[in-house]
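Following are the structures in question.
One chain, subunit A, links the two complexes that follow: it is found with subunit B in the first and with subunit C in the second.
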Partner chain A sequence: MTFAIPKTAYTGKIKEVVLGRGPKAITVGGETSYPFHLFEGEMPHTPRIAIEVYDTPPDDWAEASLEPYRDVVGDPVAWAKKAAGVYGADMIALQLVSTDPNGLNTPSDQATETAKKVAAAVDIPVIVNGSGSPEKDAELLRKVAEACDGMNLVVGPVVVENYKQIGAGAIAYKHTLAANSPIDINLAKQLNILLGNLGVPDGQIVVDPTTGGLGYGIEYTYSVMERDRMAALTQQDERLQFPIICDLGKEIWKTKEAKAEDSPLMGNAAKRGVLMEAVTAQLLLLAGADVLIMRHPEAIRLVREMIADLMA
Partner chain B sequence: MALTGIQIFKLLPKTNCGECGVPTCLAFAMNLAAAKAELASCPYISAESKAQLSEASAPPIRPVAIGTGDNVVKIGGETVLFRHEKTFVNKPGLAVMISDAMTDDEVNGRIKRFKELRYDWIGLVLRPEMIAVKNESGDAGRYETLVKKVMDETDAALILMSDSAEALKAALQVSAQRVPLIYAAAEGNAEAMAGLAKEYKCPLAAKADNMDSLAALTDKISAAGVKDIVLDSGARTVRRVFEDQVFVRRAALVQKNRSLGFPTIAFPCEMTKDPMKETLIAATLIAKYAGIIVLSDFQGESLFPLLVSRLNIYTDPQRPMMMQQGIYPVGNPTEDSPVLITTNFALTYFIVSGEIEASRVPSWLLVMDTEGLSVLTAWAAGKFVGDAIGQFVKKSGITEKVKHRKIVIPGFVAAVSGDLEEELGSEWEVKIGPREAAHLAPFLKQGL
Partner chain C sequence: MIRIGENLNVMIKKIGAAMKDRDPKPIQELAIAEAKAGVDYIDINLGPARKEGGDLMAWVVKTVQEVVDTPLYLDTINTEAIEAGLKVYQNRKGKAVINSIMARPESMESKLPLAQKYNAGLVALLWGPSGLPRDANERGVLAAELMQKAAEFGIPNEDVWIDPIVTPITSPQSQVQVPSCVEFMKMFQDFQEMAPGLKATCGVSNVSNGAPEHLRPILNQTYMMLLERYGMTSAILDAFDDDMKAFAAPGGKQDLKKIVYKVMDGEDVDLGSLTKEQVNYVKTTKVLMGKILYSDSWLEF
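The block that comes next holds the complex of A and B.
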C-alpha cells in the first residue's frame, strides 16, 4: 500500500501586504496553506522579524536583553541603526512607551519627532507602536502618520475605540494599520470589517491578535491564531485573510522567570531568557505569525534558523 | 471509526431475547452506537462479532502507557488536529538520552538533573518523566548495568534503545516490571523485536525510512500480536519531522488509517548539535503532535521553557486554569503593605501579580474564587460583586496580616465599591485601582 498524504482542501488565501517603501520594502502574507504545510500549499513570503527600539531608556530590563543595546539605549536613532546594521533586523519596531499618560506622558509632538527621525534613519520598514492608551494613541498615531507621509509605516495598536482617527490618517498618508483586538477571533474580524467600512484598503491592514507570553497566556493567542487561519483558509472568511503580527519580546522579558538570576533549577539566565523568547516566537510561527516583534539578537538568530529549516 | 447502529445490528444474534436490558437487538445496537450501552451486556454475541466491534470502536490513535506507578507516561489517544477543536489530552513524554558509551560523569549529571529539575507552577509540579537508555558500547553486560542503575536511582519511564535483541533481552530481564518502551523494530529485525515485546509485555517502537514502509512495518508487528506501538518515521531534518508528524496525525484521524493510528517518538537530540536549537525543535514537536521527545540533556534554561510550553499547549481550552482562593504575598509584604483583590482566573492572577512584582511595591494579593472567570466576566456573572467580595475579604484572614483597612479593587469593577463598603463596614476604605494591570506600577508607587 502506498501512503497518500492526507491533504487539506483550502479555499482561501491570505492577502499580501507591502510594508515600507523603496528597495527594502517587504511583502508579507500570501499563504495558501497552514503555516509551513508546504506539502499542500505555498508560503510565498518568509515570516519577518522586527527588532524593538524604545523611545526612552528602559529601567527594568533583564540584564541579558539590555546587554546588546547598552550603548544605544538613550538614542532611538542609534538604536534603530544598530538593530538594522549589526543585528540584521528585517524591520524596526519603535515602541513609543514613554507617551503613556500613566507614565512619563511624553507629548505626542515630541514622540512624533522621534518617530520621524527613526523612520528617516533606516531604509527598512518601520512599525510605530503607541503606548496602548486608546485616547493618547489616537492623537499620537495620527500625528505620526502625517509627519511620515508616504513612508508606509505600520502603526498600531489600532483598537475599536480609536480606529476612526488612526484609520483616517492611514488612508490620507498611506500607512498600514496593526488592528489589535483582545485575543478574540470575533472581535478581530469585527475590527477588520470596521476598517474596511471606513475605507482602509485591504493591502493596508495586518492583524495584531494580542500576544500572551510563554506561561502567561500564549495558549490563548496560539489558538485564536489557529482558528483565524482555519477560518481564513478553509471557510472563506474574507475578513480574516490578513497577515498576523505578534508583539512578543516585551511580553517575555518582563516576566520574573526571564529576569531571574542563574540557578541550578532555572539554569543560565541569559540562555533562559533567549530560549523563552525564541520558544514563544516558534509557537507563534506555527500558529500563523507573519511578523514577529522581538528583542534579543540570539533569539532572533535561532528563530531565523528554524524558519529556514522548516522551509528548506 | 464509529459504526452506525445498523452496521452493529448486523453483527448481533438478532434473537431479541431482551437480556441486555432492552427488548430488541436493534434497540441495543442503537444504544451501542450512541455509546449508551456496553458490549458486554449481550451474553450471546459471537467471538468473531465481538472482535470486529471492539476493533471498530477503538480510538483512532491508540493510547499507549510506558512506565508504572505515579510516573506512568500515557501518550496517544488524541482525537483532534487543533487544540481549539476540543483539547489535546496526553502530554508528550520528555526524555533525556543516556548512553552506555558516556563517561560516569555524563551519566550521573543527567540522572541528577532528571531528579532535581522540577518546577512549582500554579499548584502543579512540572517535571520530565522519561530516560532513554542507549546501547552504543556493543556490550550487553555494560548496557544491562546502566539500565539497572537508572532503574535503581530514578522513577523514570524508560526507553530501551539498541539494535541488538540480545542486549535488549538482558536489559528487559532487569527492567520489564517498569514497562519500558523497546526501541526499535525495523525491517530486518521486526520478528525478533516483536517477540521480545510480547514476551515481556512491553510497548514497541517501529522505525522505518518513510511513511510507506512505516505502515507496512506496523502491520507486520500488529500481526505478530503486539498492540502497543510507537512510530518513528526515521526523519531527522526539521521540515521532514514536522511534516511526518502532521501526516501521521492526519492519517489516523482523517483517513482512519489503522496502520498509523499510534503515537510518535521524535529525536531532536539527533537533529542538531546546538542545545539552543534543539530546544526550538522540541517546542515545535510539542505543538505539532509528538508523543515522546528525546533530548540530549536537561538543563534548567531549556527544560523550563519546554515544560511550560507543554503545559500551555495541553491545557484544556474549555476549562480555565484556576488558582486556589486565598491570600498571596507578592514581594515581602508587611502589615503596612497595600491589599489588592482580583479573581482566580490563572491568567488574571499571573498578570496582576507580575505587574505588582514589577512595581517593586510589596503587596498582599487576595485571590477570590470566581470559578476561573476573569474580572469583567465574573462581575457580569454576578460572582465578583460588592457583597460577595465583602464576605470573602472578611473571612480571608487578611485583617490578621495588615494593620490598615484599605483595599484596592480593579478599575473595571469601580461600580461595586458602594456595595462593598457597605458589606465591609465603615472602618474599611475601598480604593479604585487602574483598569489595566499594566498601570498598577505607577498606581502603587504613588502610595495609597
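The block that comes next holds the complex of A and C.
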C-alpha cells in the first residue's frame, strides 16, 4: 500500500503587488500555498531582501553591523548605492529615524529631500519608513509621496491613527502602503479593511505585522503571520490576502545580545549578531514573509542561500 | 432561558457608593427594576470584598430581600462574605447560588461545604489550577472534577451550574477559545446524561468585550444561540437588554436559529435568499465558530 502525504486544501491566493517601477520593479506575493510548500501550491515570486539605509549616522550600532557601512554612514545616497551595488540589495529601505519628534526632530521637508535623492540614486524599489510617530509620519509620508510622484515607493508604517492622511497620498501619487498593526491579527485585518474603504487599491497594500526579534517576541510575530496565512489561504479571508513585509534588522541589532562584546560566555560578537539576524529572518520566511528589511550583508547572504535551497 | 441580572454590581458607581454608605435606596430601586424586567435571579456582585465583606453581603442580601422575592446569586471570591449572605438568605422563590466555585482545591474545599450546609446552588467555574483551560477537553476535565467534588458533598445535580467561561472574540487567543467553549457544550450534553438536571450558565456578554458598542448585541445574541443549542440554559446578563429578553423568551427567533444551526454544521447557506438581518447573523456565526477571523468590520464583508 502506498502512503500519500496529506495535503492542505487551499482556497485562497495572496495578491500580487508590484513594488518600484521600470525594469527593476519587483513583484511580490501570488502564493497559493503556505510558505515554501511547493508540493502543495505555487510561490511564483521569491521573497526579497531590502537593505536598511539611515538618514543620519547611527551612534549606537554594534561594531559588526557598522563595519560594512562605515565609509557611507554620513551619506544616505552613497549608502544606498553601496547597498545596491556592493551587497546586491533587492530593495532599499530608507529609515527616516531622525524625523522622530522625541529625537533630532528633522523637519519633514528636509527628510523628504533625502528620500527624493535616495530614490533617484538607485533603480531598485525603495521603501521609505518614518520614525513611527503617527502624527509626524502623517505629515512626512504625505510629503514624500508627493515629492516622489509615480515612483511606487513603499511607505510606512501606516497605522490606524494616520492611515487616512498617508492613504490619500498613496492614492494620489501611486505608492504602496505598509499597513502596520501591533502584533495583532484582528487589528491587521481591520486596518486592511479601512484602507480598502478609503479607496486604496489592493495592489498597493502590504502588511507589516510588527516584528519582534529572536528572544524578543519573535514567537508572537510568528503566530500572527501564521494565522494571517491560514485565514488568507484556507478561509478565503480576502482582507488578509496581502504580501507581508518584516522590518527586522533594527530589532535584532538593538538588543543587548547583539551589542555585547566578545566574551567566553557569549562567543564572538560579529558572528552572534549575524546569526541572530539570519535566524530571525529564517523564521519570518517560514511564517510567510515576502519582503525582509535587513542590515548585515553576511546575514543576508545566509538567508539568500536558505531561500535558494527551499525554492529549488 | 433563565436570565440572571448582572446590574447590581459594586463596579457601578452609584451602587458601589450605596454599598459603601449602606444606603438601601439605590440598591432596592435597582433590585425592583431588575425584578420588573423579569429576571429569574439577581446577581449581587461585591467584587473581591476583602474588607468587611461579610457584613456587606449580609446587609445587601437583607436589603434586597426586603423588596423582592427573586432568588439571588452571591457573587464574590470572599468565602466569608458568601457564608454571611447564605446565613441571612430567605428562600422564598428559589435557592441562593454561590457564584462561583473554581476547579481549584482551595476554592472547592472552602465553598462546597457552604453549599451543603446552607442548601445552596453553586456556579462551577471551569477555571483550573493553571488558569483558563486551553480547549474543550481541558474544560471537560475541570467540569468532571467539580461535579465529582460536588457529589461528594451531596449537592444535587440541579444545584450545579457549570460556567465554561466565555472569552472576548476581540482577543487573539479567542479564535481558539470562543469556538472551544461551544465545543465544550457538546460534551456538556454527555455530562447531563450522567448527571440529569445539571445546569449551565455563562457571562455571555463577555464575548463582545472590546467590540464596538453598537455591534455588541448581535455578538451576544448569536453566541447565546450557539451555546444554547447544546444545553446552555441560562446567562448572566444586563437585565435591561430588551433584545436579549426577546431572545430569551420561549420560542424566540426560531427561524433565525434554524439558519444559524446550518452555518454551525458547515452547510451552505444561500445568502441571496436571506434578509439583511439574517445575513448578519450568518456572518457573526462564522466569526464565532472561528471560520472567519474577527475584525471590527466583520459585518461589511
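Convention: the second predicted complex is superposed on the first by the 312 of 312 C-alpha atoms of A that agree within 3 Å, B and C clash if a C-alpha of one lies under 4 Å from a C-alpha of the other, contacts with A are read in each partner's own complex, and residues count from 1 in each chain.
By our rule, contacts are C-beta pairs under 8 Å (C-beta built on N, C-alpha and C of every residue); 3 or more make two chains touch, one makes a residue touch a chain.
What you see is a predicted model, and the numbers here were worked out from it, not measured in a lab.
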{"item": "First (subunit B), second (subunit C), both or neither touched by A:Ile218", "value": "first"}
{"item": "Subunit B versus subunit C as contact partner of A:Pro6, first or second or both or neither", "value": "first"}
{"item": "Which of subunit B and subunit C A:Arg227 touches, first, second, both or neither", "value": "both"}
{"item": "Touching partner for A:Ala145 - first (subunit B), second (subunit C), both, neither", "value": "neither"}
{"item": "Touching partner for A:Ile205 - first (subunit B), second (subunit C), both, neither", "value": "neither"}
{"item": "Touching partner for A:Ala111 - first (subunit B), second (subunit C), both, neither", "value": "neither"}
{"item": "Subunit B versus subunit C as contact partner of A:Ala170, first or second or both or neither", "value": "neither"}
{"item": "Which of subunit B and subunit C A:Val97 touches, first, second, both or neither", "value": "neither"}
{"item": "Which of subunit B and subunit C A:Leu240 touches, first, second, both or neither", "value": "second"}
{"item": "Overlapping contact positions on subunit A, where the subunit C interface meets the subunit B interface", "value": "223, 227"}
{"item": "Residues of subunit A touching subunit B in the complex", "value": "1-6, 36-39, 60, 102-103, 132, 212, 214-220, 222-223, 226-227, 230, 254-257, 263-269, 271-272, 274-276, 278-279, 282-283, 286-287, 298, 302-303, 305-306, 309-312"}
{"item": "Subunit C residues within the subunit A interface of the complex", "value": "170, 172, 175, 291-297, 300-301"}
{"item": "Of subunit A, residues touching subunit C in the complex", "value": "184-187, 189-190, 193-194, 197, 223-224, 227, 231, 235, 237-240"}
{"item": "Residues of subunit B touching subunit A in the complex", "value": "82-84, 116-117, 119, 121, 210-212, 214-216, 237-239, 242-243, 246-247, 250-251, 254-255, 259, 276-277, 279-281, 283-284, 287-288, 299-306, 308-309, 311-313, 315, 317, 347, 350-351, 354, 357-358, 434, 436, 438-439, 442-443"}
